[in-house]
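Order of writing sets the chain letters: A, B, C, D and E. Residues in each chain are counted from 1.
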Amino acid sequence: GGGGGGTSAEGGAKEVRLGYFPNITHATALVGVEKGLFAKHLGNGVSLKTSTFNAGPAAIEAVFSGAIDATYIGPNPAINAWAKSKGKAIKIVAGAASGGVYLVTKPEIASVQDLKGKKIATPQLGNTQDVALRYWLKQNGLHTDTKGGGDVHIVPQENSQTLQTFATGDIDGAWVPEPFASRLVVESKGRVLVDERDLWPGRQFVITHLIVRQEWASRNPGLLRKLIEGHVEATRYLNDDPKAAAGTVNAAIQKLTQKPLKPEVLDSAFKNITFTDDPIASSLTASAQHAVEVGLLEPVNLDGIYDLKILNEVLAAQGRQSIKDR
Amino acid sequence: MAAETAVRGSGADQLAGLDALELAGTGGPGLLSRVWGRVWPMLTAVGLVLVAWQLVVLSGRWPEYVLAGPITTFQELWARLGTAEFYQALATTMRRAVTGFALAVLIGLIVGAAVSRVRILRAAFGSLITGLQTMPSIAWFPFAILLFGLTESAIQFVVILGAAPSVANGLIAGVDYTPPLLLRAGKVLGLGRLQMYRHVILPASLPSFLAGLKQGWAFAWRSLMAGELMVIIAYQASLGEQLHIARELSDSPGLIGTMIVILVIGVVIDLLFESADTALRRRWGLRQPQ
Amino acid sequence: MAAETAVRGSGADQLAGLDALELAGTGGPGLLSRVWGRVWPMLTAVGLVLVAWQLVVLSGRWPEYVLAGPITTFQELWARLGTAEFYQALATTMRRAVTGFALAVLIGLIVGAAVSRVRILRAAFGSLITGLQTMPSIAWFPFAILLFGLTESAIQFVVILGAAPSVANGLIAGVDYTPPLLLRAGKVLGLGRLQMYRHVILPASLPSFLAGLKQGWAFAWRSLMAGELMVIIAYQASLGEQLHIARELSDSPGLIGTMIVILVIGVVIDLLFESADTALRRRWGLRQPQ
Amino acid sequence: MTDLLTTQPAVRLADVSKVYGHGPRGLLALDRVSLSVAPGEFVCLLGASGCGKSTLLSLVAGLDRPTGGQITAPGARIAMMFQEPALFPWLTVSANVEMAMRVKGVGRQERRARAAELLETVRLGGFGRKRPHELSGGMRQRVALARALAQDADVLLMDEPFGALDAMTRDLLHDELERIWRERGLAVLFVTHNVREAVRLGDRVVLLSSRPGRVVEEFPVELARPRRTDSAEVATLAARITDRLREEVARHGR
Amino acid sequence: MTDLLTTQPAVRLADVSKVYGHGPRGLLALDRVSLSVAPGEFVCLLGASGCGKSTLLSLVAGLDRPTGGQITAPGARIAMMFQEPALFPWLTVSANVEMAMRVKGVGRQERRARAAELLETVRLGGFGRKRPHELSGGMRQRVALARALAQDADVLLMDEPFGALDAMTRDLLHDELERIWRERGLAVLFVTHNVREAVRLGDRVVLLSSRPGRVVEEFPVELARPRRTDSAEVATLAARITDRLREEVARHGR
């Protein structure tokens, strides 16, 4: 078994195993690895071992089985992992990205009411985007149900397929994250109907954050601190020099997938995402609340899912403001 | 004249005597004991697997939320079996599997027949058929949607592309091994090309064809499990979707429960194929009742 | 004595005469013309497919970025064939496929041997093996990661679970149809249980086993294509990943290009299996050179 | 008119040759064989292995084409029996016998009745609903005979039909075949490499040489029927033909 | 000592019975058969189909167990030949012959040499590297004979070994078998339903009844060797035995 391979009893671990996706919303990780920021903070004696995933479940399976210690991930899988393990498996230790989610529709759809009877895609039943769309429609007086019926037909499908079905006219719009939103606009002449940021207080909501395996974190607080230091520096780099950072991100994506993003997609997507250390706890709890309201989630107690103590210590050491965990 | 009749009579007697001598045989065991003989080892095997599984869980190597134990799993499964949704999902999936498979059989039959009898087609497309077998389902998704949009037909398309090659290959193998003697016999009896196909070649290839069907079913089923994610149709839950959602939600008891359902269906289908195969071979005298 | 020798001598002559008479036969066509006879219909078929494809693209039914035409696709493919990365990806995937398949064969052989010879195991696990065949790969992913972490082994695990059942089933079918007469002959010759396996049963089941191998390869390959997404090992490109990325990026020429690569590999492997099969059957006299 | 018909042979081979393969690797299986079978005549074709007996029958049955020469079977319907029964294992005995009629579009009822009658002829009444594998070898060959008779042919070709049977069954089937042949007035071309069998059955025994197949000698059999295989007259003629045959075979061993 | 050895039979069956199946559906295949074969004796076992001849051989060969009675083969190594050659198609002719030695752990070199020698004995020298399917039926049976001889057995069981061969080949193989039997002093138990073959070969012909198999009568054959199958003496004795056999068979037809 691969469980706990990198940890020994007294926090004398020699490596940190980090997971992330070759995806623009995971730019923090891409930059941190590509620029050696994690390695720099972890120091000489500790190696960084990275794994990339293409979807949340595999990343969570890896965390659960102890094959990785920490991973960048979206809000949904994190909530799932928390709920399924009854709060035992993971903790969210830092935010990474916010925003970058849009409802893109065919140009002829100009308002909410035009959506009636239309087919709108989301990435997956019950994920953040799915919940956000349903909640927003509900607020606008449009009824949906989880089976795809109602005033607006919601079709969950993979984002890649959304690109195709939008192009062929099988769907009328999609509530998707970057870079798919930008691609719908750039390649298929879609029109942005809603910027999800507009629906949230302070135009902020979590799209990616960093989670760690609880067992590992409790045994290796020192390594966790170093990891977060690297993370914080990566975030700062992204904000300080977005142009260079965008190039770094695209280079990393190309290295991992052999396919860089098109420059216009990259630029537009990069502009629409905010990189922040703040996990925007309020948006996570609110989103979970919305999910319960639209009937997609059993009420789940998220108390304690955040552990921002180390993050705040790191920020404090740099003289920056601390972040709230609710 | 009288003498000749006597000779003939005795010849007939001797023939009948030889016939009677050749045709003895003892019967097999009764149906009940045969069924029981099949069932109890299966039950024992299932029991053993359950015990091993419980032991692994008890060992504490992994927490319950990572690897659910049999008790949790069966509670979950039992709860599901109590919902109407489960049966709808099952019905949807089985309907798709059966119709998709039926179409695949039809297409496989036509393609197999054409390829096996026309030498040029054989050389041109023979290996392509197996090549298609190795193509993963997801590669077809974009084409399925291009051709059929977000409809059931797109799912069927993927299922057919998964299963038809096996069916065709089974038929081709069967035709290849049709005994040439039977073909000659058919020709002597005056059978035309089509009649030869209908009366000789098809029946002669049945056993191998059946094996192809069985493989085809496995491919169809796997393709279906993948394809059911591609097009999620309103108000139609399906097993493939449930499997996917269980994984998506890291729902270990749900996942294992769905796997058990899939396994049970697989075993039942296998038993069906096997009994068809046994019946066929017994009827043809290929498998002596032992 | 002299008389007897004469009689014997003439008997030997007659025997030799009969032998000589029985052993005539004409040779088949030469190797070159056989290969060419296989190649040209294939090339024609490929040509026809290309033309049809180009016609569909020209019809303008779908934009080029949804369905790439042959020219774009082959440009893309050609560009890829010029990169070292392509060959690394191919090498990685082929290495995984071959080692995974080899392990699957080993395991399938052991399981098949045990199940086919021990009646109780057969009754207990026989149908389970086919049941496992219908289990989609993604169901195994969580277990693969549990057992092996994010390693190559996890991928191999999925590949093995995909392919081993077919291999085992092929062997079982072969063992089932081992002619009882050969078993009796082996026993009379003094072969023990294990020797019987080694010298009689295994060789006798080879043709059916080979068919199982072929099916197993198709399953292994499909499982691998899925499994390569489960564990992406840093900086090791693979065909499965490329297929997925092409799809993820709606990269139509990339997708079709990768499909072509997969098809070509499938066809080549099929040809290998076929020539092994032909050689075997010819050597055993099961397929007369026609 | 009647005279012309009776003197016209049922089957006539004129200088028939057959080459398998092409060019230098080709094999001359039959070399200018001429032979005729009169209506109602029983001709036995005798020869060692590989001398082209089966090839000759295939040509007459139209399963293959001669490379040279001519085969005429004026207005004759031709039926054939192989060394193995070649029954269709998926059909019942009765359905096997009915096949030729089914192809011709004979009605179900009539087919049934006729098959039952034919099975009665080969002493297998009541076995119609069995499957071939439930019968013994001798019974299967009798079914094959019934199937051939169901074609209502004038000419019956038989390619070592009793080769695989045991001596006793074979003796009995000789009697049956002779009876049926006489009742129906068939022209029979019977291939065998059993000399005693040829003498037991034939009006005429034609001996073929081996590779290339050529007619070596013809032996008219003028013994009274019914003959017995172990009678002295049959043995005497058989011994004569055997010696000639052995000579022919030994030629290849040296 | 020598006296004792020579009078002790090579194989002795005492009241051997065999029932297939159980209870009321059981079939009594052999009913208290007693029989012995002296060393160097050639015994032919004759009987109609299904009378239990193969069953008896299986019991002697140890392929199956008797339900009652005793089989003793003191110190005898037993080899067996079946009706079909039962060669392993994936092995060369030589490897087939070597199999028994290979199992016993005889070295490669020695095996080769011995196999070549045995193939020479059955007049197949030079065919060692062929595969069984490249040979004719008669040649395959001779390979099977060589394979049986390679076991260095004292007792050779033969279950209708020449049943599937044509008459001419069979005649020739009779000569060969007789020669080898005499050279090696084997005890042979030879099963057939060809009466002439039994008389041609046996020192003694044992006639079995059918279902249940019982010894009906024994016929000592006191004709001088070498015999010819178509000689008058053989025919006379054969006719006598045939009549007895037909009687036995006809009993089941009524």
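Everything below uses one rule, namely that a contact is a pair of C-beta atoms (placed from the backbone, for glycine too) under 8 Å apart; a residue touches a chain by one contact, two chains touch by 3 or more.
None of the values given here were measured: they were computed from a predicted structure.
*Asks:* Applying the document's contact definition, name the chain pair with more C-beta pairs in contact, C-D or A-C.
*Replies:* When the contacts at C-D and A-C are counted, A-C has more.
*Asks:* Same residues or different residues where chain D meets chain E? The copies count as same if more than half of the interface numbers are shared.
*Replies:* Answer same: the two copies use largely identical residue numbers here.
*Asks:* Determine the centre-to-centre distance between chain B and chain E, using the mean Cα coordinates as centres, and give it in whole Å.
*Replies:* 46
*Asks:* Calculate how many whole Å lie between the centre of chain B and the centre of chain C, each centre taken as the average of the chain's C-alpha atoms.
*Replies:* Distance between chain centres, rounded to whole Å: 19 Å.
*Asks:* Where the centres are mean C-alpha positions, what is the separation of chain D from chain E, in Å?
*Replies:* Here chain D and chain E have centroids separated by 32 Å.
*Asks:* Which positions in chain B are in touch with at least two other chains?
*Replies:* 12, 14-16, 18-19, 22, 62, 66, 141-142, 146, 247, 250, 252
*Asks:* Got the chain E residues that touch at least 2 other chains?
*Replies:* 48-49, 136, 168, 246, 249
*Asks:* Got the chain A residues that touch at least 2 other chains?
*Replies:* Those would be 1, 3, 57, 61, 64-65, 164, 168.
*Asks:* How do the chains pair up in terms of touching? List each pair.
*Replies:* Applying the touch rule to all chain pairs gives A-B, A-C, B-C, B-D, B-E, C-D, C-E, D-E.
*Asks:* Provide the residue numbers of chain B that touch chain E in the complex, in ascending order.
*Replies:* Going through chain B, the ones touching chain E are 10, 12-22, 24-27.
*Asks:* Quick check on the complex: what are the chain C residues that touch chain B?
*Replies:* Contacts found on chain C: 37-38, 40-42, 44-45, 62, 66-67, 120-121, 123-125, 127-128, 130-139, 141-142, 146, 166, 173, 211, 214-215, 217-219, 221-222, 225-226, 240, 243-244, 247, 250, 252, 255, 258-259, 262-267, 269-271, 273-274.
*Asks:* Under the touch definition given earlier, write down the residues of chain B that touch chain D in their complex.
*Replies:* Chain B reaches chain D through residues 4, 7-8, 11-12, 14-16, 18-19, 22-23, 181-182, 184-185, 187-192, 195, 199-200, 203-204, 206, 283-286.
*Asks:* Considering only the defined contacts, which chain D positions touch chain B in the complex?
*Replies:* 61-63, 78-80, 82, 84, 86-91, 99-100, 102-104, 123-124, 131-136, 138-139, 147, 151, 168-169, 172, 175-176, 179, 226
*Asks:* Which of the residues in chain A come into contact with chain B in the complex?
*Replies:* 1, 3, 56-57, 60-61, 64-65, 77, 80-81, 84-86, 88-89, 119, 124-125, 147-149, 153, 155-158, 161, 164-165, 168, 170-171
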